Amino acid sequence: MSKPDKLQSAAEQLGPDGLSDLRSRAAKKFGATGFPTTRMEDWKYTDLSIASDISVAALQDFRTDLPPSYEIPDIDAHWLVISNGSPQVGSFSAIDGVEVSLLSEADVDLQFNLPLSDLNLALLSDGLRLTVDSGVNIDKPIGILFFDDADTESLVSQGRVIIDVSKSASVQVIEFHATRGDARKYANVFVDLNIGDNARVDYARLQARDPSAVQTARLSVAAGRDATLRHFALDTGGKLVRNDLAIDIAQTGANVDFNGLYLADAMQHVDNHTRVDHRVGPAHSNQEYRGIVKGRAVWNGKAVVHEGADGTDAQQANHNLLVAERAEINAKPELEIYAEDVKCSHGTTVGQLDENAVFYLRTRCLDEEQARRLMTHAFAMGVAHRCPIDACTAWVDAHVDAALNALITEDAE
Amino acid sequence: MLDIKNLSASVGGAEILHDLSLSVGTGEVHAIMGPNGSGKSTLAQVIAGRDDYDVTAGSVTLDGEDLLELDPEERAREGVFLGFQYPVEIPGVNNAYLLKAAVNAQRAHRGLDEIDVFEFLKLAKEKMALLGMDQKFLNRGVNEGFSGGEKKRNEILQMAMLEPRLAILDETDSGLDIDALKAVAHGVNALRSPERSIVLVTHYQRLLDYIQPDHVHVLSGGKIVRSGDKTLATELEERGYDWLKEAANG
Amino acid sequence: MATESEELESLVNRRYEHGFVTDIEMDTLPPGLNEDVIRAISARKNEPEFMLEWRLRAFRMWLEMREPNWAHVHYPPIDFDAISYFAAPKSDADRPKSLDEVDPKLLETYDKLGIPLHERARLAGVAVDAVFDSVSVATTFKEKLSEAGVIFCSFSEAVENHPELVKKYLGSVVPQRDNYYAALNSAVFSDGSFVYVPKGVRCPMELSTYFRINSANTGQFERTLIIADEGSYVSYLEGCTAPMRDENQLHAAVVELVAMKDAEIKYSTVQNWYPGDEEGKGGIYNFVTKRGDCRGANSKISWTQVETGSAITWKYPSCILRGDNSVGEFYSVAVANNFQQADTGTKMIHIGKNTSSTIVSKGISAGKAQNAYRGLVKVMPQAAGARNHTQCDSLLIGKECGAHTFPYMEIKNQGAKIEHEATTSKISADQLFYCRQRGLSEEDAVNMIVNGFCKEVFNELPMEFAVEAQALLNVSLEGAVG
């Protein structure tokens, strides 16, 4: 960003409160590094200049008084709303077994490690910390809604949530991203999920921002001993979307399963980066991402098996369907292995619908469009069905249907 | 031929075989039966020299020679053959190559010249005919993508080629349909000879309908709890193993 | 099972057989690099003006470039001014007309390497362009080749006798500024091989060159250019060993292949440069740029490599699939033991329609070695109907080594079909025990399993080379398992 002073003064505008000092340090740090560029290996295929432009514009006339505006999704959950970057405390109702607090009032140690995290902290009005008590089984999913809707021309919003799931607890979490209104929006969201020993988390990240929105989001997971994570991510919205999922396995017996579906329409760019660090074994990780791409998509999956992490079983799969002439996918399935007793594999494919299958369906009376629609849908649902939270299933099905129809119908034009 | 005296063995600190003794005479066929987890496979693996097991006491000798001192390949070259319960797949290595390497390793040990390709193929084809095996087998990867029956047949083929003094066949009958079982049994019977001892390790009496043992032993809790002739197998089939466990405990 | 892998590790350590130094007086330029050195190289080789200009342009580009640092390898900075950029056997002025005239010490060296040049050339019907350090000293079977119209000679001779071909094709696949080491090579390359196969000719024999680094502190900058004109076919074998030395030696070769319409080039390499000792001391830095251009329709370029040597390998033999229906192949076995580091793979650039590529990479890591596969499959927007299949497997022997895969897929055409599979595994204790129970020694069992793992690649090598490669693999892994 060209104006570090603007960032600094915006950071000051947000205080004074418990985060003031943090904001100021983060602003200074981000002022020095700026946004990642495509010269960096991790950002090779995703250019954030548009995020930078929106941020610069938003900082020209930085406002801390944006009124809340949001729409709760039709999913049965305990909803916690963060609107335009501000937690809407008034809207929270108590959840048995879960303590919810504001980051400005909580005693947490926030790390400075990535430029986007610095940006997030510099402009963070406030964040949430959720603590799930040990041994509890929360009755219904906890939904965290990131909703952006402002009457300004450009809006930059930061979201930050820390979720600590105590020992042997079991919880379902929905991270939901949506927008409304005409502002040029850039949202930058960080979620830290710490799964305690023997705890279990089902997690769904559902992203349905409007087609002009820009998002960068990172979910960092630390898995405890014998912890279980089942994760599913769906991206249908946004003009430029970059998601990072980083899973750190530093205790034995963890079992993580993470999956995702991305639909990138002609003008969309969707980038998913996943990284799993196996620091000890035995532990198991398994991931499958699928994409239906008309615009541009990036998938980068990395499994690192550190020295001594024997007994690691890490599997990766990524499958892409290109459905338009100009579609583009950049896929990079990486394995970095420093241990011996490991079972690792990855498989990536890029292709089209199986013409034999299309033909087969046509011989069974379907017309070609029906056949393609059916198969594309089946391809998407093959991974969408892995969404671990039943309460989301209906929403996911309907939403994927609608998004696919839009994608395919335009195609027919 | 094979003398096992007061053998105890453990894996990862847990003792599996306790003070086990067994003697197999030259030319005899012994069956070792017992419930799951009784230590049957452990016994077979310890004789062959698997180093995951720690021998904590006792001795195992073959015609007076101490087997426990030898590496697995040395035992094999001395004429100990183990037919694996789960034959291992080795991708990319073809059967003929392994067989020839094994035969030559054994010949070198005996001070014989290497077998040449033609002689080897002739011999292999003979043995395969005996077992009713397709010659295409030779060019396939070792056990790679083999069915259960093919794997077991392949074990018998290797045994036929290596002509061991002592053959231990670990659950050679498990997972086989009746035709495959007959073929395997036929192969084993063809290899019975006054110079060769065979130990059949099995859970089921069924195999013994096709390969008549001279002696039957029951292994339970890591030791031999009863020995007898082939009628013991029939008795086991009718009464199960529980009465023996009780007898052993009581 | 800890004992099993410890044993595996202790099985792997035989000493490098090809470690000896030939004592021949060298005509060597003093270390250092500047335009005067380049003029001196060019002058000593009696090069025409265009070559000197070409070298100087490359040098000026190189000065502005930076050493790449993205590979998964680590080494102390190279002092390019400590390297001598030219070394030729003293007898250069009066080059031998036949093998009889070759310095007997040189022939002895080949004998020690197990390459009885004369014998081998005569018996096997292979033409050998033996490169001793930097200058070709013996080329055989020229007559037979020239009957067929095939030009197979040292690069220097090509510059002298076929300047029009050199001018036309040199740098047309790997431009001077392609990368740091290619630029360096372009500035200072000493010699190498040149092949031209005319239209419609199937080269009557496999062409083979043995390379050997012999002079301490002498960078080795080979330049190879192979042109297969329309409808022709050529198979080229490159093999190398190096004597034992403590200093790290830089090897920055460039190989350019051009396949015109309906032509096919098969390029096989067995690379056994000195890998350094068991403590990681010494060894060759092998920073090579190899690229093939399938320039015409229906052309095919196939790379097969068995890489067992070098302290550091940085090498990505690639194919530019420009012609419609052109085919690119890459078959690789890369072994890294002790402290070796390998970062190798390929690039398949699909430009023409209905182009297809196959990548089979087998990486074996042992000791404390790091072995990385790095590959790029790129399908350009106009490359309708592109196909790629990649199989990338790693085998681990020992607990302290690493195996890494960094495959990039950049697909910009809807009709592309790309499949990439990768696995990582170790030699299982079950496999070893099974083989030993059949009477094989542990070492033989490991060799057998490793050779089985590499079979798909060995199948692509010419017969004699395959045998050599297997033996080499066994030697390379000695002591890795124990």
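Letters A, B and C mark the chains as written, and numbering starts fresh at 1 in each.
In the analysis below, a contact is a pair of C-beta atoms (placed from the backbone, for glycine too) under 8 Å apart; a residue touches a chain by one contact, two chains touch by 3 or more.
What you see is a predicted model, and the numbers here were worked out from it, not measured in a lab.
The greatest centre-to-centre gap from subunit A, using C-alpha centroids, is found for B. Legend note: the chain whose CA centroid lies nearest the centroid of all displayed protein CA atoms is C. Just count the C-beta contacts per chain pair and the biggest one is A-C.
Averaging Cα coordinates per chain places subunit A and subunit B 56 Å apart. The distance from the centre of subunit A to the centre of subunit C, with each centre set as the mean of the Cα atoms, comes to 44 Å.
Work out the mean CA point of subunit B and of subunit C, and you get 48 Å between them. Looking at subunit C, one finds that residues 1 touch two or more other chains. Residue positions of subunit B touching 2 or more other chains: none. Contact residues on subunit B toward subunit C in their complex (touch as defined above): 48-52, 71-73, 75-77, 81-82, 84, 87-93, 97-98, 101-102, 105-106, 109, 141-142, 158, 162.
Residue ranges of subunit C in contact with subunit A, taken from their complex: 1, 5, 70, 381, 394, 396-426.
By the touch criterion stated above, subunit A contacts subunit C in their complex at residues 41, 307-308, 310, 320, 322-352.
Taken together, the subunit C residues at the contact with subunit B in this complex read 1, 3-4, 428-431, 433-442, 444, 448-449, 451-456.
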